[in-house]
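Pasting the structures in now, so scroll down.
You will see subunit A twice below: alongside subunit B first, and alongside subunit C after that.
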Partner chain A sequence: MAKIFIYPATSLILSDLVARYGHTPLSSAIAVRERIQTAGIESVPLQITPEEPKKGLRWAAVEVPSGVRGRMALYGPMIEACDAAIVINDADLAFGCMGCARTNELIKYLIREKNVPRLDLNYPKNEEEGVRFVAAIKRFLAEMGGGE
Partner chain B sequence: MTTPVRIAQISCGPEYSGVQQEINEAARAVNGEIFFPDIALKDIMRDFGEFGLDVRSPDLKLAIARAKALVDGRVDADAVFVATCFRCAEAAIVRNELRRYIHTHSRLPVVSYSFTERTTAGTLLTRMEALTTIARRRALLAREAQEGLTMGVDSGSSTTKAIVMKDNKIVGTGWQPTTEVLKSAEQVIGHALDEAGVRRDEIEATGTTGYGRFLVGKHIRADLVQEELTTNSKGAVYLADRQHGPATVIDIGGMDNKAISVQDGIPGTFTMGGICAGASGRFLEMTAKRLGVDITELGPLAMRGFSAHVPMNSYCIVFGTQSLVNALAAGSSREDVAAAACHSVAEQVFEQQLQEVDIKEPVIMVGGTSLIDGLVYAMGELLQTKIMVPKYSQYIGAVGSALLASGFIKDG
Partner chain C sequence: MTEYVPKSAGTVTKYIVVESPSVTPAELAIRAYEVSQGLIIKETCFGLAINGKEDEVNQLITQLRTLDPDHIFIKDRGFPPGDPRRCRANLGGARPGFHGIEYETTVLPYVSHGLEELRSRDAGDIPAPQNPLETKKLDVYTLKKLIEAQEP
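The block that comes next holds the complex of A and B.
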C-alpha cells in the first residue's frame, strides 16, 4: 500500500477516502498528532515550538516568513516520504483549508518536483462534477494498488 | 483579582511559528486573556467578500472576517491584537488595513505586530501592558490635570529622569545617564526633590515608567507602575496642551522608538520598535561622538548643514557608521554629516513605523532626542508638517507618571 500525501492536508474527507482504500494518508492530522502526543512540549495549540521554523529552513530560506517555515516543518517530511499525491485545487473551506497561500504554492511545487504519481483535480462545483470527482479519486487509489 | 481584559487575537501564522505560547504568556502577565473570535464558516466568505481586500491566504480571509465580527459587535472584546509573520507582504497589507479599519470603526484599542520565531513574551509585554491599560483604565487615562504633590520616575535605557509636580506645575527635575538602575533612580529623585524643595515623605503618590519601571517601582513603593506608551502619550498631550482631539506622539528613544496615535489623550494605535539601533537615538549619540561634539551640540550643527550632500543610510547602525566615516573621509563637512545622520534616523522611523499609525496633527515629538533640533527639522520635512516640541519634552515619561500618579492620592 502507498503513502499518499493529500492536499489540502487538513481534509478529513480526503484522508478518509485514502484510508478506505488501504493506503496511508499523509495529512495534517498525523503531523499534529505526533506533536501533541510528544511529552514535555508545552506550546499550544499545535505543540509547534520555535524549533519548527528552524527545521523548515530545509525547504525555505531564512527570509521566508516563520509561519511558512513552521508549516513546512510539518508538511516537508511528508512530501519527502510520499509515494503519490492527490491535489485538490480551489477546494471549499469546509472540505479542507490550509491557511497560508505562500506555503500552499511551495507544497504544490515540491509535489510536482518529486515526480511521483499525482492526481490533480479541481474542486467540484455541482453534483455532476462531484460524481466525476469521487470516481477519479477512487480510480487513482485503485491504480495505486488499493481496494475497498 | 480583577476580571481579565479580553484581547481578541486576529492573526496568521503564530501557531506555526511556535510563538502562540509567548503571546498568551505576555497577555497573562498583564491580566489579559487572549481569545479567537468565533465565527461561523458561512460568515467567513460573506465578511471577507464585503471587506473587499482580495487576498489568497485563507487564514488572512479568516482574520478579515474576525475583524468585521468585532467591529459589527457580533463578538465582544476589550482590545484587539493583530499579528502576522514578519516579511510576508500579503499579511503586512492585511495587518495594516485591519488595524486601520478597527481603529476607525470601533472604540477598541488595537496593536499590530509582525513576529518571527524569535519573538518572546518579554518583547510583547510592553505592548500588551499598554493595550490592557487602555482597555481597563480609561478613567485614569482621562485625567487632564495633576493634583497634590506627586513624583514620576522614568528609568529609560539611556537616561533616568525624575519629575516632581505640585498642583499642576513642574517644580523639580532630575536627569542623568542610566548606569546602575536603582542608583541612577535614587540620584535623579534626590535632585528633583532638592530642586522642588520638598522631602520624600511629603510626596503623596509616585509613578514609575521605562525599562526599569518594575525594579524602581518596587524599590520606591510606587503607586503606579506603567509602561511608557501610556505615560508618554499622556505626558505629551498634557505638556503640549492638546488633551482634546487627535494627536500623534513620536518618541525616538535610545533603544527603541514609539509612534502613538492619540485621541482625547488616550492612545489608540501605536507601534514600538525599530529594525536596528540605526533608527534610534543611539545612532545620533555615535554620530556626535565621531564628530567630536556633545550630543547637545549635534542639533545646531545639523541645522547648519544639508543632508542631501551626504549619502547615508542608517538602516543598520554598522553600515550607517560606515557611511558616516566614508563621508568624513571624502571631505564632507561636519555640518552636512550631522544633518545627514538626523535625516537618516528620521527617514528610518518614517518608513518603518509611521506607516503603521495614522498621522494626525498636531505631531508632538518627545524624549531626549526631541531636543536635537536637526532631527525634529528632518522629521517635519518628511511629514510636511510643523512638529511640536513641548517644554520639558525630555522628561515626558516622568511627567506622564507624575500626572497619572495623582489619581492614586488618597483622600484626607
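The block that comes next holds the complex of A and C.
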C-alpha cells in the first residue's frame, strides 16, 4: 500500500479512487485532523498556531509570507512522506487568496522536484474522458502495487 | 490564551457522497443506522458524515459501498460532524469546503461512468488521456502575428 499525495488535496474524486484501488490518499483532511485532535492552545478554527509558520521554514524561505509557510506546515510533511502523486491541473476549486495560490504553486514545484511517479490529469468533461480518467488512475495505481 | 482539549481524539470522520439514481442519502442513512454500532451518523444533503473509531467506520463504509459501488464516493474529513468551527448552522452560508464538493459533484457522473465501463473493459486497452502539461498554449510570437494581421 503506497502513500499517494493528491492535488487538489481536498479532492473527493482522487481521495475515493486512491482508496478504492488499495492505497492511502494523503489529503488535507488528514493534516487538519491531526491538529484538531491534538491538545494545546486554542486557536480556532483550524488549530494553526504560531508554531506552524516556523515549521513551514523547512519548505519556504523566511521572506515568504507566513500564510504560505503555515499552509506548508500541513502539506510539506505529506509531500515528503508520499511515494507518488496524482495532480489535477485544471482544478479551479483550489483557487483562493494569494496564500493559497502561492502554496499551490509551491506544492506542484515540490512534487516535481521530489521526482516520484506523478500522474498529471485534467478533470473529465464528458463520459469518454471519464473512462480515460479512471483507467489512467487505475493503471497508475496498479503500477504502484495496488488492487481493488 | 485558552487551553484546548480535543473532544473527538482517536476517531476519524468520513464523508460519504451519493451521486446515484437509485440510492438517496436518506436510504443510506437508514441502512447505516441499521448496521452501525455506536457510530455518529449525520445525514447531509449530499450523503452522510460518519464519525467513530477507524476500524468501525471502515467496516460500515465497506457495507454501505455495496449498495451502489460506482455511485458512492468517500473522503476523509478533519472535523467531526456538527463541529461549531465548521458547521454552517453556526457560521451561516455554505460550509467551508462545500464548494469543492459542489464542483466535483458535477464531474462525478463521468467518473461513475468510467467505473462502470472498467467492470467490462481492461484499463490497459483504454488510451491515456491527454497530458495537460504537453498541451501547447498560444505563444507570444503567434499572438503578435494575429494582432498585426488585424491591423488595417
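Methods note: the second predicted complex is superposed on the first by the 140 of 148 C-alpha atoms of A that agree within 3 Å, B and C clash if a C-alpha of one lies under 4 Å from a C-alpha of the other, contacts with A are read in each partner's own complex, and residues count from 1 in each chain.
One rule holds in what follows: a residue touches a chain if its C-beta (ideal position, glycine included) is under 8 Å from a C-beta of that chain, and two chains touch if they have at least 3 such contacts.
Values in this document were obtained by computation on a predicted structure and should not be read as measured data.
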Subunit B versus subunit C as contact partner of A:S15, first or second or both or neither: second
Partner chain(s) touched by A:P50 [first = subunit B, second = subunit C, both, neither]: first
Which superposed partner A:A142 touches (first subunit B, second subunit C, both, neither): second
Touching partner for A:G67 - first (subunit B), second (subunit C), both, neither: first
Greater subunit A contact set [subunit C / subunit B]: C
Touching partner for A:E113 - first (subunit B), second (subunit C), both, neither: neither
Partner chain(s) touched by A:L93 [first = subunit B, second = subunit C, both, neither]: both
Subunit B/subunit C common contact set on subunit A: 42-46, 93
Residue ranges of subunit B in contact with subunit A within the complex: 12-21, 24, 41, 44-45, 55-60, 62, 84-88, 90-91, 115-118
Residues of subunit A touching subunit B in the complex: 42-46, 48-54, 63-71, 74, 93-94, 97-102
Interface residues, subunit A side, partner subunit C - complex: 8, 10-13, 15-17, 19, 25, 27-33, 35-47, 89-90, 92-93, 120-127, 129-136, 138-139, 142
Residue numbers on subunit C that touch subunit A, as the complex places them: 1-6, 8-13, 15, 17, 73-79, 83, 85-86, 97, 99-101, 103-104, 107-115, 117-118, 121, 123-124, 126-133
